[in-house]
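Supplied in structure tokens, the structure appears directly below.
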Amino acid sequence: MSAKIKVGIVGDGYTAEELVRLLAGHPEAEVIAITSLFNIGRDFAAVFPNLLRYTEVICESMELTSFIGRCDAIFVALPHGQAVPVVKEAVAQNKKVIDLGADFRFKQVEVYEEWYGVKHEAPELLEEVVYGIPELYGAQVRQARIVANPGCYPTSAILGMAPVLKAGLVDIRTLIVDSKSGVSGAGRTPGMHNLFCEVNENVKAYNVATHRHGPEIEQVYSWLAGAEATLTFTPHLIPMSRGILSTIYASLTRPVTQTELQALYEDFYRDCFFIRVLPEGQLPMTRAVYTTNHCDIGLVIDPRNGRLVVVSAIDNLVKGASGQAIQNLNLMCGLKETCGLKAAGLLP
Amino acid sequence: MSAKIKVGIVGDGYTAEELVRLLAGHPEAEVIAITSLFNIGRDFAAVFPNLLRYTEVICESMELTSFIGRCDAIFVALPHGQAVPVVKEAVAQNKKVIDLGADFRFKQVEVYEEWYGVKHEAPELLEEVVYGIPELYGAQVRQARIVANPGCYPTSAILGMAPVLKAGLVDIRTLIVDSKSGVSGAGRTPGMHNLFCEVNENVKAYNVATHRHGPEIEQVYSWLAGAEATLTFTPHLIPMSRGILSTIYASLTRPVTQTELQALYEDFYRDCFFIRVLPEGQLPMTRAVYTTNHCDIGLVIDPRNGRLVVVSAIDNLVKGASGQAIQNLNLMCGLKETCGLKAAGLLP
Amino acid sequence: MSAKIKVGIVGDGYTAEELVRLLAGHPEAEVIAITSLFNIGRDFAAVFPNLLRYTEVICESMELTSFIGRCDAIFVALPHGQAVPVVKEAVAQNKKVIDLGADFRFKQVEVYEEWYGVKHEAPELLEEVVYGIPELYGAQVRQARIVANPGCYPTSAILGMAPVLKAGLVDIRTLIVDSKSGVSGAGRTPGMHNLFCEVNENVKAYNVATHRHGPEIEQVYSWLAGAEATLTFTPHLIPMSRGILSTIYASLTRPVTQTELQALYEDFYRDCFFIRVLPEGQLPMTRAVYTTNHCDIGLVIDPRNGRLVVVSAIDNLVKGASGQAIQNLNLMCGLKETCGLKAAGLLP
Amino acid sequence: MSAKIKVGIVGDGYTAEELVRLLAGHPEAEVIAITSLFNIGRDFAAVFPNLLRYTEVICESMELTSFIGRCDAIFVALPHGQAVPVVKEAVAQNKKVIDLGADFRFKQVEVYEEWYGVKHEAPELLEEVVYGIPELYGAQVRQARIVANPGCYPTSAILGMAPVLKAGLVDIRTLIVDSKSGVSGAGRTPGMHNLFCEVNENVKAYNVATHRHGPEIEQVYSWLAGAEATLTFTPHLIPMSRGILSTIYASLTRPVTQTELQALYEDFYRDCFFIRVLPEGQLPMTRAVYTTNHCDIGLVIDPRNGRLVVVSAIDNLVKGASGQAIQNLNLMCGLKETCGLKAAGLLP
């Protein structure tokens, strides 16, 4: 057997955990190193006891040059603003690198700097970066050195609308994305916003019209439409651990039948194992994609006002983060995109 | 002390339970009788053990004439299509009656018959019925014999938009109501849709553009706007017991400042104890109104596209059902609307 | 109307919030001041938005002498080790004081110091302190200047076993208390242990045989039995916000019939409004006492091995903390113990 | 590649769903047929939309002879009292059969008939049946034609105590099993007991000292101890979908050190991949075994009274049902017990 791809992970939060969990079942890749700030010297399986018997890796401090030297591919799972040194060193050592944060997602550096409030330290790299949604940009991902893994909300919003945006079927001034997310999207750093007693039996909207994933969605919607799209984006926090359901509204530019719409989507995603366009009359729910790399899409036309309603569901930690990152890795390494990622959802 | 108002309840589901729970603390009314189909002869406090020591009422079978004869006011908490005989008898005996179901909510009988798929057996009563949102129609409620208590989703949607609809500030062709509801809205009759394991850790949209509360909202939006409004209404089921959060989108008809908007709402609801217009920058969450008759409203303008986003939160069983019904009873009986209903929410 | 009792609260966590929520409906007492460390100058109703329109109090820094000077009664809701100065000053100013923490719960200062790992700064006060379970020590509470409000687990464990311990019906070497608690018992300070994603869909035991509430239960069990009782105490954390269910095991010292057992409990708690001994064959659940000051108790004899199983349910924030504290205040002030505390539970 | 083992499943509830989910990733077996009562003719992936793209099987009505004729191995996932005809026909056709229900779990037919209230229709088969806990009875499972898959509670209780029972270290008159289960254990048939709003934010004990898993645990405890053990068994329902945590109490027959105890367990389970004996000071939680076939075990000695407390955690649908059934199938077919079953738990 040929050697497995040696994977290093920078960071030790929920997305790092998911990378390790998913890669434990990957036939062609293995996690050989994980860096940490607060768990240095601890077994990663002690930090996340679900991983006992599935990883022997011990968290280490970041020694950038040697860390990257030992790996074939690097996943960066850090808060925004911290990925540049890792990505630069990975490029310098000619290693593949996938950033799960926001630092390389924008083509226009000013948009990034305005919304994230930090100066970008490596704008010269942005041009070659590939925005890693394999179903849309798979060919480019195969050639990429640097992949910017999309945000969780954008993944659900973009996959839900790509076919109609490309087909020019929706009025790009009428786009509204109303998303409902589980709490794991808020990360593992304790705060009032992710405490059980504050979140349980509660639903709220937050950062209405000001969330940073808004411009990220707009960027890709504009690419797909070939014109500048604007949208209203409203994220909501709901009392569950995993999952994003996005309900997306847009006015149709011309009358469309349900049959035509279904055919458009099925055709668009014909070769995409992870995208499941649901039959007419069926709507997605997050449980059907729980723990998986799938995105389920349901389509409704409101005939009384010519409005399209698209509902898409993903697991925010898998297709919305770590699963999609591995899907990108697969393509960058010449593997099938599904390698190590096929798994049915969890119900109940 | 003068005698209390004698209240009878028809039905034994969650809204009946909430009526009993809330009226247990009401200084001027008391529940003297409850009818049931399946619990006849059982203590109501055995059906709902939380009520032990708060009610002595025993569920009885429905003997319409004598039941209504013993009561001063009747709450009807039955599935739609079953309220007419009770309401007719109450009117015949000159008793006040509040229907918590859908049978008397529509002024146009054909809309009711189309959406509910049943023939209305007493269309002649519809004209005098008052649609019971006290904050909007309190003067009429005070004079009413029959009040149609609004649906849970409509309550949140209508209170959230009334000020701007009345002021003509929103384009009534652009209305979208995206609502998130706890599971108690699905009632207490066991089915696959309200099983713990099917609902927990799950979010889904359902009845998109076809839910029966859609035309109910449209009816009142049209009254408020003075012109026929259409909307897209998308209900979602989320993993919690109580609460509805409605996120409502509409294009502004002219530029409005946040300050102007806040003032409009605060003014509109100045004398309404149960409506809390949140200060600029603050958004509602269902926990803040949990178990209460309050409706919290937050306001956001998306400046990049001239769209208004209103977020409103209620407890679907209280302001969305039994609490509002008691608020209506209070007005019909000449009491203060807040009588027996003041209570802070539950957090945690 | 005579003036209300002026209440001051030291602390701004969940038990402070519950005191304010419950006292908002109290006819004879009102909260006039709350101290805080981190929210000084903020409306308490901004810290807890559920309280909007139910309190006008603004959080203040602690100026001990003047704070206590303005109040008739003080609730101390601080972490252990911090209550002594407040209690001393309250005593000096001849004000009633109720400590919701652990500092005054133990008669033997060495037990406190061993289990809490701190030196007690006012052991001379311990003798006069009354351990505030009104159903057992109500007469003393009426005379008390200082009440130590019991821990949440001890409240459920003690009320569940008091009748059989007093009657000598159980072997005090065989006591096992297996308790299941909601997450609010872990407080509002963010940490890994009370994060939504760590607690949701999870159950675990913690501090087995080493939890500080163990010796507190033992102390009172010993008082009740008139001999030194030992027990094994196992707390568990379960995915809900409120509620404690304690399942308590002990070998019977002689054969007892179910009828005899029921009569013993009903007799023991005959005049206790808040204790509901459930009829034979019925078992408690936390929902039936949710948000209330009740304790529900169910009794089972395992006939095959002569073992008694008692199940008791409380709301940890009400009967397990703030509600019981107000019940104690009522007695200390010569009011009925139920004053302001009658409220049916929440289901759903 | 040699042909896969052809698996047939009788039943379409949650355990059937889990069999299909787990076998979708099994390299040596495949589900070729599923029988149903109410979903005949429907895609199984329409009944459970999480399985879309993971099974093509269509639910069929039960034609016993031909159904079994097409399969190599049969899983029976029916309510108790219904398995006998299927098992008999499987034996007649010389096929391997694993019953996930209770009909073949008891060696003494009178115990079964007393606790389940039905007459056993094939007592002559009981002797050859193997009780399928591979970690204890793996050698017999390898030779078995019929395996009785253990109950969910018994699996957790038995694995937790086997080492000390075999070693004679605990007094078998002092055994208490206090178990906490997620709601999926209550099955998928809608009823008041498994409704979201009745279970959410609630914990209760049920069937105290009368649950049918009590005698099942006693049977195996007695086998292990070599003497008749009795126990008190208390199941609890807690608000989560999956998982059982059992807290087990017993008096030690002689003083034992923690080190000795750890060594005993580690030694006993040395070759058992799915049993993870946690290091001293660490306690199990259900999340660490969520979705997996693992059983985590933690050990505590209460030094003040010589009592042992064992905590064990499983996923009730995997190690407590379908995963263990596949583990048994693996052994019956000469495969490694871990075949197709290695997967890390889910956190968050």
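Note that the chains take the letters A, B, C and D in the order they are written out, and that residue 1 is the start of every chain.
Just so we're on the same page, a residue touches a chain if its C-beta (ideal position, glycine included) is under 8 Å from a C-beta of that chain, and two chains touch if they have at least 3 such contacts.
Worth saying up front: this structure is predicted, and the values here are computed from it rather than measured.
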Centroid-based (C-alpha) most distant chain relative to chain A: C
Recurring contact interface, reference A-C, options B-C, A-B or B-D [over half identical by residue number]: B-D
Centroid spacing, where centroids are CA-atom means, of chain C and chain D in whole angstrom: 39
Chain A and chain D, separation of their C-alpha mean positions in angstrom: 36
Set of chain C residues in contact with two or more other chains: 14, 183-184, 197, 200-201, 239-242, 285, 287, 290, 347-348
Residue numbers on chain A that touch chain B, as the complex places them: 173-174, 176, 178, 180, 182, 197-198, 200-206, 208-209, 230-232, 234, 236, 238-243, 245, 247, 249, 283-287, 290, 298, 300-305, 307, 309, 311, 313, 347-348
Interface residues, chain B side, partner chain C - complex: 14, 17, 20-21, 24-25, 48-54, 183-184, 200-201, 241-242, 273, 276, 278, 282, 285, 287-292, 294, 296, 317, 342-348
Residues of chain C defined as touching chain A within the complex: 14, 183-184, 188, 190-192, 194-197, 199-201, 239-241
